[in-house]
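Shared chain: chain A. Partners: chain B in the first complex, chain C in the second.
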Partner chain A sequence: MKPRIAISILAVGAGLATVPWLGLPAFYESFLYLLCHWIVLAISWNILSGYTGYFSFGHGAFFGAGLYATAFLAGKQDWPFLATLPAAALAAALLGTALGAVVFRVASVRGELFALLTLAVTFVLATIILNTPIDGGPGVYLIGVQLPRLGPSANASIYLMGLAAAVAAVLLAYLIHAAKLGAGLFAIHDDEDVAEVMGVPTYRFKLWALALSCALAGIAGGIHAVFVSYVTVAETFSIAVPLGVVLMSILGGSRHWLGPAVGAIAVTGLQYFFTSGEAAVTGRALFGLVLVLAILFLPGGLLGLLERLRRKTPSPVAADAKPAVQPALAPSPAASGTPLLQVEGLFKSFIGVRALEDVTLEVRKGEILGLVGPNGSGKSTFINVVSGHYRADAGRIRFEGRDLAGADGHRFARAGIARTYQIPRPFAQMSVIENVALARMFGGVGCSRAEALAEAAEFVAFAGLGPHAQARPDALNLHQRKFLELARALAARPKLLMLDEVLSGLTPAEIDEAIAMIRRIRDRGTTIVFVEHIMRAVVALVDRVVVLNHGALIAEGSAAEVMREPAVRAAYLGTTHA
Partner chain B sequence: MTFPSLGLLSQSVLSGLFLGGMYGLIGLGLGLSWGLLGQINLTHFGFVFLSAYLCYHLTMVWGVDPLLTLGLLVPAFFAVGVVMQWALARFRVSTFNSLLVTFGLTVMIEALIQKIWTADFRKLQTGYGEEKFSFLGLYAPLPELLTLTVSAAAAGGIWLLMRYTDLGKAMRAMAEDAPIAAAFGVNARALALLLSGSCVALAAIAGVFFALSFTLTPTQIFSWVGVVFAAVMMGGLGNPLGPLLAGLVIGVSEALAMAVFSPSWAPIVSFSLLIVLLLFRPAHR
Partner chain C sequence: MSKMAKLAAAAAIALGALGVLGEAQAQGAKPIVVGSTLALTGPLSATGLVHKLVGEIYVDDLNRRGGLLGRKVEWKLMDDQSKPDLARTLYEQLLTADKVDLLMGPYATGAILSAIGVAQRYNKLLISHTMGIPSLAKYDMHFPAWSLGPNPQATVPTTVFDAVAQAPKPPKTVAIVTSKFPSVHFLSLGAREVFKQKGLTEVLFLEWEFGNRDFGPIAARVKDAKPDMVWSGDIGLEGNMLLEAMKKIDYVPPLHVHTYPAPGPMAAAPETDKALSLTIFEEHAPFTANPVAAQFVKTFKERATAAGLPYTAVETQAAASFTAWRIFEASVVATKSLDDRKMADWLKTAQVPTIQGTLRFDRGNNFGDDLMRIKQVQNKAWVTVWPKQWAAPGATIKMP
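Let's look at the complex of A and B:
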């Protein structure tokens, strides 16, 4: 976080707060209020949907929950207006959190299904409010509600409240963007499963994003209730809010904290030119057209475009040719007999397939354990279960004495387990160094975002990716992506590192290079589980070998020993029929 | 809350079935383009309303029989569907972005309708609306009866096509895995154009029958989105019979909710159903 930016946001807010005393026509206060209103709503949407990729079409519901909380409490229960605003934020946040607590547990409700679900929630809430005393049908009048006198007129007071909300929203958007929470949310956006395995508590982070997003929408609703002074279900839950916020965020740039605000100003300004009756229809058509064009031609929005243009001019600091430094890894003694990981009776099935059947094995501190077996023998499933990517059906996964079986994926990373994916799964929208920093931030003991970025550079250099630190993963070749996987896993400073076929697809020279690197990693004290088909590498590296076949463990021992086992020969070559 | 009489309840169930027929007819094209083309086409609703308004215009202003307007509207909308698919494929629009793009398009269609026909309520006045059949004390208006029949015929016909013709098999193969289907000689591009054209043509058919039974106003476009989506998802994506069957279930449950509680509670049935379905449907695809 840069204090300079936070101070600038506050300064702009303070400057705009003087408007009511400038003697401008009252129209400007209303117009500026609407700008603030849409800025809050668009940012609210973006904190959830832009950051995490969970697109909400239900912001009408969250906005409406806040609006009706204020309308009901101030208009019907005679609460003082200011007291209703926290209630509005709370009502919306509770609605969102209750929804999220259920929805975020269901892995299949992502992307477009989440959007549909939130849309449906809007209609349900609207129907309930319409049919209960909260509204009851005729709408709620707020004419008599006493407003706090913040400015020279009632309009000015509403504008100042809207402005305060907008400043708070922009500040919040920036703080989240710059914090660990933001980094985790963007990782969820790119690949939620990988984020969880790297230590991001995805469920909790999504709930936070949703709750904060809803609270902002609720406050915007509460203030808007007194601005319109007569609220109806039809107006409140119309398609205008979800349409508007999506359009504004996408137009402004949903990956940038300021994007939705820029979009809100652009769209509200545009609408201002089409306010009279006949032109309003044209304005809406234009709205639709802008949305279509923005999605087709401006994938990153206005601010995304700006950043792309800026990145085109090469920065002189990048690609400094540091010598291959040796980054600090987790300190642990060299090979000893003490077990680090004990797996007992591990079972995992997929529909109709037994992938792991009663696997019991142990990994000792400081060793390199080779995990081999024919294709489909359960090696990758083993890594997926022991890294928390999949949940075991039964069995115990004891790591340093603690049982991790059944825990959420991020607990495995926190405990000190890291893995690479056989097919690299980098976070596609993050640069190489951000990818590595994320693993450092959330894996193992974790650290702050600034520290993580500073340390990530070492791991990027160690993996030989120094010149590509600022590149996007899609600019790397397969070899480089595999090393990015490795750098990410190492950056977590794992006690146990699981390598899933890191060598496949590499040339012989690259394999030699990688073998040397893996040896260096072990020499610095990291225990390694090594899945590989390339026997030359297995024999060169491992201390012990475990052989899996059809999900069951069939042999264990030194490389030479297990290759003499008849069961192993049968698994690889088939049995002879004499 | 007073419990309605048996006669009223049976009439409710019947009108629920008719409403369900409409849901199914609208949902048919929507579900096919979602399941087979991977597009969540919100514009489908815009097309239904546009077709309904055009039917209204042709009938009221030029005196064409509403059912004859199908002859003009179906090929015209087919062409629109082909052009739309060409554009979406040209820009490689993802499933999610298709939702956003077609959302924008629908807003444009809504504005266009409002510009031409204004936001006033419009009702198609024809001889069909007067015709009513009555049996066992229950009334069945002709337009609704026609809608249900056409809906069932279209769903059944497409189901047969998909199941027993080479074209249908090719389409299912394309939906499963387009590159592999292409490797086996399926012309995925042409099929997608044909499919998209057919889906929009189905929207045109739905629009004509919509105009026969319902009063038109542009702002209603979005109020149909939720319930038809519920029908499509409940019926299974890409399954031609699903939306109709699910639509009938929803229509009847809504009609009963209206009869037992009050009409303003009706939306809660379909949307709660959609929410439950989203949460508990088996995770495939």
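Let's look at the complex of A and C:
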């Protein structure tokens, strides 16, 4: 986090807080309030949906929960208005958290299903409020509610409350964005399964994002109740709120902490600009056209455009990166024979297919263990299970004596296990250095975001990707993407590194380069499980080999020994029937 | 009084008179600006456009007649986009930045309440077109153009009851089904009480949420209940959808009353024949015996046709809008002033003749008499059938 930015946000807020005393026409307070209101709501949506990719159409519900909490407590229970605001935030946050606690456990409820589910929550909540004394049908009238006197007029007081909420929202958006939480949320956005395996506690992070998002929407609702002074279910729970905030966030740039605020200002300002009664319909059509053009030609939003322009300038990290840098790896001893990983009786099945069957093996500290077998033998499944990507059906996974079977994926990474993917799965919206930093932040013992970014440069350089540090993964070729996988895994400073066919698709020269690099990694003390089809690399690198076939372990020993095993030869070459 | 004092007093009076004269001359040089918002876009825009057209017709006519206090009238209209929060902000702008002389209200309850809040803060008179829930309009300088009376939840169902009592087969049982749209819902709840007091047996009470599109189950329940009359608290196209659903199950309700249907569609469809509803004005005698009303009906039809509005007849919305401008003009002319307080004080004791009848504002929250009448679709046109003095010539309530 840069204190300069936080101070700037507060300074802008303090400057805007003087508006009621500047002698401007009072309507400026109302207009600025509307800007603040939409800034809070747009940021609220973006913290959940822009950061994590969980697209919410339910912000009408969270906004409405806050609005009706205040309307009911202040309008019907005579609570002091200010006391209703925490209740509004809490009501919305509880609603969101209760929803998330269930939904986030179900891996299939992502994307459009999540959006539809949140939309359904809006209708359910509207029905409850409409059919209970919270509203009951006629709406709630709040004109008599006493407002705290924060400014020279009631109007000014509402504006100042809206401003305070907006400043808090922008600050919160920045703090999250700059913190590990933000990095984790963006990783969830790009590839949730990989994020979990790299150590991001995805479930907890999503719940936090949802709770904070809902609390902000609830506060916006609470203040807005007294601004409109008459609240009805139909107007509160309309689709206008979620559509509006989606539009604002996308227009401003949903990957940037300030994007939704910029979008909210642009959309609200444009809407206000087209309020002349002379050509209202034409004005609205023009407003729509402006937005369509902006979204078509600015896919990353207004701030995304600025970001792209900024990225075109090579960063100091890229320019200064030295390929010869040797980053510090995990402090593992050289090969000692002591078991690091012990797998016992591991089973894993997929709908009718047994991918792992009673696999028992151990990986010793400091060694390179080759894991070979024909296609479909279960090698990748083994890595997926031992890295926490899949949960084992049965068996034990003891890592440094601790049983990890059944644990969430991020606990494997925290324990010191890292892996690469056979088909690279980088976080597509992050730069190379951000990809690597994320692994450093969450893998192993972890560290702060700033430390991770600083250290990531070394791993990027080690993998020979220095000149591409600020590039997006889609700008890399396959060889570079494989090395990005490697850099990312190394950045976690793993005790156990599992390389899943890291050499496939590379040219002979690239393979030689990769073999040399893996040797360097092992020489620094990292234990490696090496899954590979390219036997010359296996023979060149490994200390021991285990062979899987049809999910079962069929041989174990030195490379030369196992290749002589009849079962291994049969697995690779088939049996003769003549 | 000393001589000096007398001189000073005379000088003060002279200066004051000069000041007044100067002000009057200055006022003569510039138009009176009236500010308001309407829902010209968004979900309420269909009705908003009717109010816009009526306002333009009225202001054009007013200026043809020489304006007000010798000054032209300029209407500064803004689009609140059907959003009460925007309506509030625009009224703030009209008053504090554009500095309009007077206000005219918007038309939907939410926007009206937003505008009332602003008017109250700046002590401005606000005349609203169709404020549906009188109990919420507590501001003493708010005046409604829609003559609902202070307790429409009691008086309107009573009028309905009196009307259907004249039907060839007066009802003994009633099914009450209603939207939860606020200004409709509270009227329907009032109807429950009134009908109970009048001895009608309620055989069914159902509610639906505003926005509901599936009226099949409601139609089936009504059919099963076999009521003599259906009170349908509906708004917009809800009534049409309910009757369509009834038609699909071969059910024709004996008597059916609809609160605020879209007038065009409700008059046009075969299944809506003999539908009853509420009104303050229809295009027939005795309403059109008033030459002002007759001229308005003619002009509205021409201008609405030219503007491409789907329904070109004057009914409740257009009449309420016309009435609002009439109240506005009457109060300025009577007080010879643009002083909001003076105009409001005058209105509180005044009787203003309008195209819907004579309005007064001396009861709860400045709502005067309930002038609601009952109309019925007969031969694909609305005709007023109750009370008798406002019924179209020869028109009586008919059974479907």
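Quick notes on this one:
Operating definition for what follows: the second predicted complex is superposed on the first by the 547 of 578 C-alpha atoms of A that agree within 3 Å, B and C clash if a C-alpha of one lies under 4 Å from a C-alpha of the other, contacts with A are read in each partner's own complex, and residues count from 1 in each chain.
Methods note: a contact is a pair of C-beta atoms (placed from the backbone, for glycine too) under 8 Å apart; a residue touches a chain by one contact, two chains touch by 3 or more.
What you see is a predicted model, and the numbers here were worked out from it, not measured in a lab.
In the superposition on chain A, A:25 makes contact with chain C only, not with chain B.
Contacts of A:137 after superposition on the shared chain: both chain B and chain C are touched. When the shared chain is aligned, no partner comes close enough to touch A:563: not chain B, not chain C. In the overlay built on the shared chain, the residue A:246 is in contact with chain B alone; chain C does not reach it. In the superposition on chain A, contact of A:271 is made with chain C only, not with chain B.
In the superposition on chain A, contact of A:124 is made with chain B only, not with chain C.
In the superposition on chain A, A:113 makes contact with chain B only, while chain C stays out of contact range.
Residue contacts after overlaying the shared chain place A:153 against chain C, while chain B stays out of touching range.
When both complexes are overlaid on chain A, the residue A:179 reaches neither chain B nor chain C.
The contact surfaces that chain B and chain C form on chain A in the two complexes overlap at residues 126-127, 130, 137, 281, 284. Note for the complex: chain A touches chain B at residues 55, 102-103, 106-109, 111-113, 115-117, 119-121, 123-124, 126-128, 130-131, 137, 239, 243, 246-247, 250, 281-282, 284-285, 287-292, 295-296. Residues 40, 91, 93, 95-97, 99-101, 103-108, 110-112, 114-115, 222, 225-226, 229-230, 233, 262, 264-265, 267-268, 271-272, 274-275, 278-279, 281, 283 of chain B are the ones touching chain A in the complex.
The touching residues of chain C, when paired with chain A in their complex, are 37-38, 40-41, 52, 76-81, 83-86, 88-90, 92-97, 109-110, 113-114, 116-117, 121, 133, 136, 138, 180-182, 185-186, 189, 207, 209-211. Against chain C, in their complex, chain A makes its touches with residues 25-31, 33-34, 37, 126-127, 130, 137-139, 141, 143, 153-155, 224, 227-230, 232-235, 240, 271-272, 274-278, 280-281, 283-284.
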